[in-house]
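Read from first to last, the chains carry the letters A, B and C; within each, the first residue is number 1.
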Amino acid sequence: MSDTVIPVHRLTADELSARTRRRYAAERRFRYYGIAALSFAFFFLIVLFASIVSNGWSAFVQSSFAIAVKLDRTVIDPDNTGDPNVIRAADYTKLARQALYERLGVDAESRPERRDANGLLSRGVDTQLREAVLGDPSLIGQTVSFNLLANGDVDALLKGAISRDVPEANRQVNDRQVAWADRMVEEGVLKKRFNTGLFTFGASSQPETAGLLVAIVGSFFMMVVVVLLAVPIGVAAAVYLEEFAPRNRWTDLIEVNINNLAAVPSIVFGLLGLAVFINFFGLPRSASLVGGLVLTLMTLPTIIIAARAAITAVPPSIREGALGVGASKMQAITHHVLPLALPGIMTGTIIGLVQALGETAPLLMIGLVAFVVDVPSTPLDPATALPVQIYMWATSAERGFVERTAGATIVLLGFLFVMNAAAVYLRKRFERRW
Amino acid sequence: MSTGMLILALVIIFPLAMFVGRTRAGVLNRGSQRLHSRPVYHGVYLALMAILPALFVIVVWGVAEPLIINNSARGELPQTVLDLPVAEQNLVMGVINNLADGYNRLSDDELAQMRAGADGTQRMLAAKGIFLPSAPEPFMVDVAEHMASAKMTSRLLAALVSAVAAILGFFIGWRRIAPAMRARNIVERMMLIGLLAASGVAILTTFGIVMSVLFESIHFFSIVPVTDFLFGTVWDPRFSAPGREGAGQFGILPLLWGTLFISFVAMLVAVPVGLFSAIYMSEYASSRLRAFAKPVLEVLAGIPTIVYGLFALVTFGPFLRDTGGAIGLEISANSVLTAGVVMGVMIIPFVSSLSDDIITAVPRAMREGSYGLGATQSETIKRVVMPAALPGIVGAVLLAASRAIGETMIVVMAAGIAANLTLNPLEPVTTMTVKIVSQLTGDLEFNSPQTLVAFALGLTLFILTLGLNIIALHTVRKYREQYE
Amino acid sequence: MMNDTRMEFQTMEQPMAAEQMRNDTLKMTARDVDVFYGAKQALFGVNLDINNNEVTALIGPSGCGKSTFLRCLNRMNDTIDIARIEGEIKLDDQDIYDRKIDVVELRARVGMVFQKPNPFPKSIYENVAYGPRIHGLARNRTELDDIVVTSLRKASLYEEVKDRLDEPGTGLSGGQQQRLCIARTIAVNPEVILMDEPCSALDPIATARIEELIDELRENFCIVIVTHSMQQAARVSQRTAFFHLGKLVEHGETQEIFTNPRDQRTHDYITGRFG
């Protein structure tokens, strides 16, 4: 009938069906591209997590010897002075070694045997015993059971990272040490135990005594600084822009600024911190306060954007209601709008904190890459941060740090997971539909 | 008394003054006249009156003090130093500044040694935590001494003046508290100013960024000519002691090339994957798949870049190297490919989530028009939805590109450190961000071109990403307006 | 002129039945059509016959299901996830909901014009060429040009836009945009054209032009139009169906419905008691 109207080329039935088949094939292909793209992303994510977890789970256990150590007074404090300085200076390594010799039955006259036995113990046993004795001087003279840290190589042997098949000459632990270790394992003395050290030690050149405490405390200080500064400033800026700002060029400038700051590379913030906070204002390098300040500036756009969204979501009728009963605009906002926007603001804040906690590059600029042994007690003390610690361990040469690096990553991801879960919970719990 | 202590004092004064003001207003309230504002506003008013003037003094002092002291110290420099070029004068000032900071930790004996120009003073000072780029010369000690004492006096004065300001403010405020006073209005006006100031922090930050990179860059360009920096093809910043011959070569081109090369590889991964994911999620996926896939993709964005870097370093790089070895290709573990692919995965969500929004914003009517003509879904997407969404998607891709260019940790860990002008993606290259990090970590002496070049690199990076961002945000915004 | 010859030529090619099929032949039939949006039922057992070379108007108050029914006729409801259709709709004695029927081919035969003009963000030419391209209706550029020009002529838009075929279709006025959409629809040479309130977004003058156009198009196409305006239904249609609350209340000759409705509800609606 209507063939007459439009001069179209008529396809034969065969042509038509062939064409339709082709079109549907193209349709299917297009769909597969989408599925392939999503699968690629998921696959990569799974591989990423799998690689981190498989490398890192072993960092949560650490080999140690459960041995009774005789805290000999003649070695620690021969004159019975009770002076902490004397106690501090004592040779604890000797005590630990002696305990091990006895347990292993080492021939005390044979130097090679003694040397091999010494090699089983971590250098950190010194600190381990000292701290225990300083903490409770009444232990002196008693025989106390300790979990003495094994040397990193022994730990690697137990975790299978050092293969027994390697010829002795190329192996970090010799045959005698392997035999001892095996015996100790059999007797239940040498065991992989939960690695509390990972959370209680600071920096160390020995993997077995390197821990995250300094980094965790440093990151904590930085988060505190960010919360104390970024939240009030961010919320205030959001309130101003949403509720008070007149539509003019100044406001436009601020908005453009905020959007652009959100996309400025983080490392540039590091340069800012270095030039302004450290060079100009003379704040100390490596201090978590400076790190916190830099992260504050970085997170601010995120928080402002989230807070603005939360404030706009509060319907105007609420403001009008408050104004209608004679509240000032400021009162309407502080009494009604902000409390209603609070869940949204908190969610945005947590997302900003997550971002800040995982940030590394700017912290490298302001010297938070330091070898810090002592736990910082104020934000002005030298510290590191969790991601920076990962970076430092990842780039150190000793193999023992590989598992620590991945372990630290698991800890970092754990913190981020908890924070994200909190954000999701807040959103679900207080979600309000107007 | 340090600035921190002064501010801490103000933090303590605030609630005290507030309590006093509130009580005072409460007392007045019992009189015949009714209060205009509730007592709490009088309290806040008094507290603000007490701390704001003092705070003002502290801030102004903090900014002005280093400028003034430095200037006067510069005046004390001997003529021989003043004859030197500005860059070298700055080196000298840097030494003096460090010396002055640690001056009070030094004993008379040590000072005497320095004045005498004895050997080994640099090491001796380092042991005291005072790190100097070069050995102190005798004249520096005198200048440093003046500087240290000027700082002491200045700090004392600052404390005194701010205390006076606080007390004065408090008394004026106290006298003004009266039933008729519109304390609420005043407090609210101050709050508004506070809000305005808070929103100005964003501008201040941008200003700070521009100023800090610009100043240090200008400083750098006074040592190394701009043209050598912009057009040099060799990057070889020899770490020589400052002031000596052979500052090294600072050609940015190899770094720029590395940055762009890696970003390009990253975009090769991220754009198709991100775009197709976005299309699939917005056009095909069931709502259940969408509810699952969207957050999973967001997880990719939430993983810290250091974790990607670690993955590239310990897993992906070695994997590529081994696979390459198995098929007879020589791929180094640190290569353009390693860093690019991992970075590409990192920016997938930046492409996908923004594209998703943009595709969803294409009006339904547009799709229906196409379906109504008998187009299949993919034909509709390819020929109607995509062209309509194109400007927005270009914006999304530009934003992602700016992320890639500014990304640091992945390239620091996976790209390599040697500047390399190569077309081979299997070789390592280095990037601007890597060099910023490597020039600025470790013990640095702030005035050598080796350090300052990091700021010039930062400036380049900032301009590059800012340009991309502005174009991107502009296109995205234009696109949004079109469909609103 | 050239187009006219071609038309004649093609008429000659298929001289058969053209005339006798033209009058009052059934084009589409709907039997017991129910539509559900999720749990909510939107149409209840609709039975309707649609004739060739006639304009069938679907009228009724908002939300009565007339647009829903229209969208069933070329399966546009398939694009809504929660929509479910029961019953039988036939196009030339073929069930369009049959598994064997390809929805893409169906829509090429049953085209649709929407309430709001929705030109693609492309040039005027590309807007019209889009359909022929995806369906492979032109073997070369000349044929495509021919289709585009003829379609624009048919939609009585050609004279207004012939000098700016490369400009974006979104730059036209509302009425022109809607005629462009009509040109776009007829460019694939459909058998049925569905129009969903095509004039609701237009001013009276543009509306009048579209109505004229509809009347011209009737010669060659079967047209179903949903309209809010009873005057429009009276002006352009030969048959009218009145929907109310998801039910087809009454249908018949337009003349008949407007002068002598059988159902009280139709009467009330036409006389403006509700709407």
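To be clear about the criterion, contacts are C-beta pairs under 8 Å (C-beta built on N, C-alpha and C of every residue); 3 or more make two chains touch, one makes a residue touch a chain.
All figures in this text were calculated on a predicted structure; none of them were measured in a lab.
In terms of inter-chain touching, the protein chains here all touch one another pairwise. By number of C-beta pairs in contact, the leading pair of chains is A-B. Put simply, the C-alpha centre of chain B and that of chain C have 60 angstrom between them. Centres computed as Cα averages put chain A at a distance of 21 Å from chain B. Separating the centre of chain A from that of chain C, both taken as means of CA atoms, is a distance of 63 Å. Listed for chain B are residues 376, 379, each touching two or more other chains. Counting partner chains per residue, chain A shows two or more touched chains at residues 23. Shared contact sites, meaning residues of chain C that touch two or more other chains, fall at 104-105, 134-135, 188. Chain B meets chain A in the complex at residues 4, 62, 66, 101, 184, 188, 191-192, 194-203, 205-206, 208-209, 212-213, 215-216, 272-277, 279-281, 284, 293, 296-297, 299-300, 302-311, 313-315, 345, 348, 352, 376-379, 381-382, 399, 402-403, 405-409, 412-413, 433, 436-437, 440-441, 446, 454-455, 458, 461-462, 465-466, 469-470, 472-473.
By the touch criterion stated above, chain A contacts chain B in their complex at residues 23-24, 26-27, 30-31, 33-38, 40-42, 44-45, 47-48, 51-52, 55, 232-234, 236-237, 239-241, 244-245, 253-254, 256-261, 263-272, 274-276, 279-282, 297, 300-301, 304, 328-330, 354, 357-361, 364-365, 367, 369, 380, 387, 390-391, 394-395, 402, 405-406, 409, 412-413, 416, 420. The touching residues of chain C, counted against chain B in their complex, run 74, 76, 79, 81, 104-109, 111-114, 116, 118-122, 130-131, 134-135, 181, 184-185, 188, 194.
By the touch criterion given at the top, residues 287, 363, 365-376, 379, 383-384, 387-388 of chain B touch chain C in their complex. Note for the complex: chain A touches chain C at residues 1-9, 11, 15-16, 19-20, 23.
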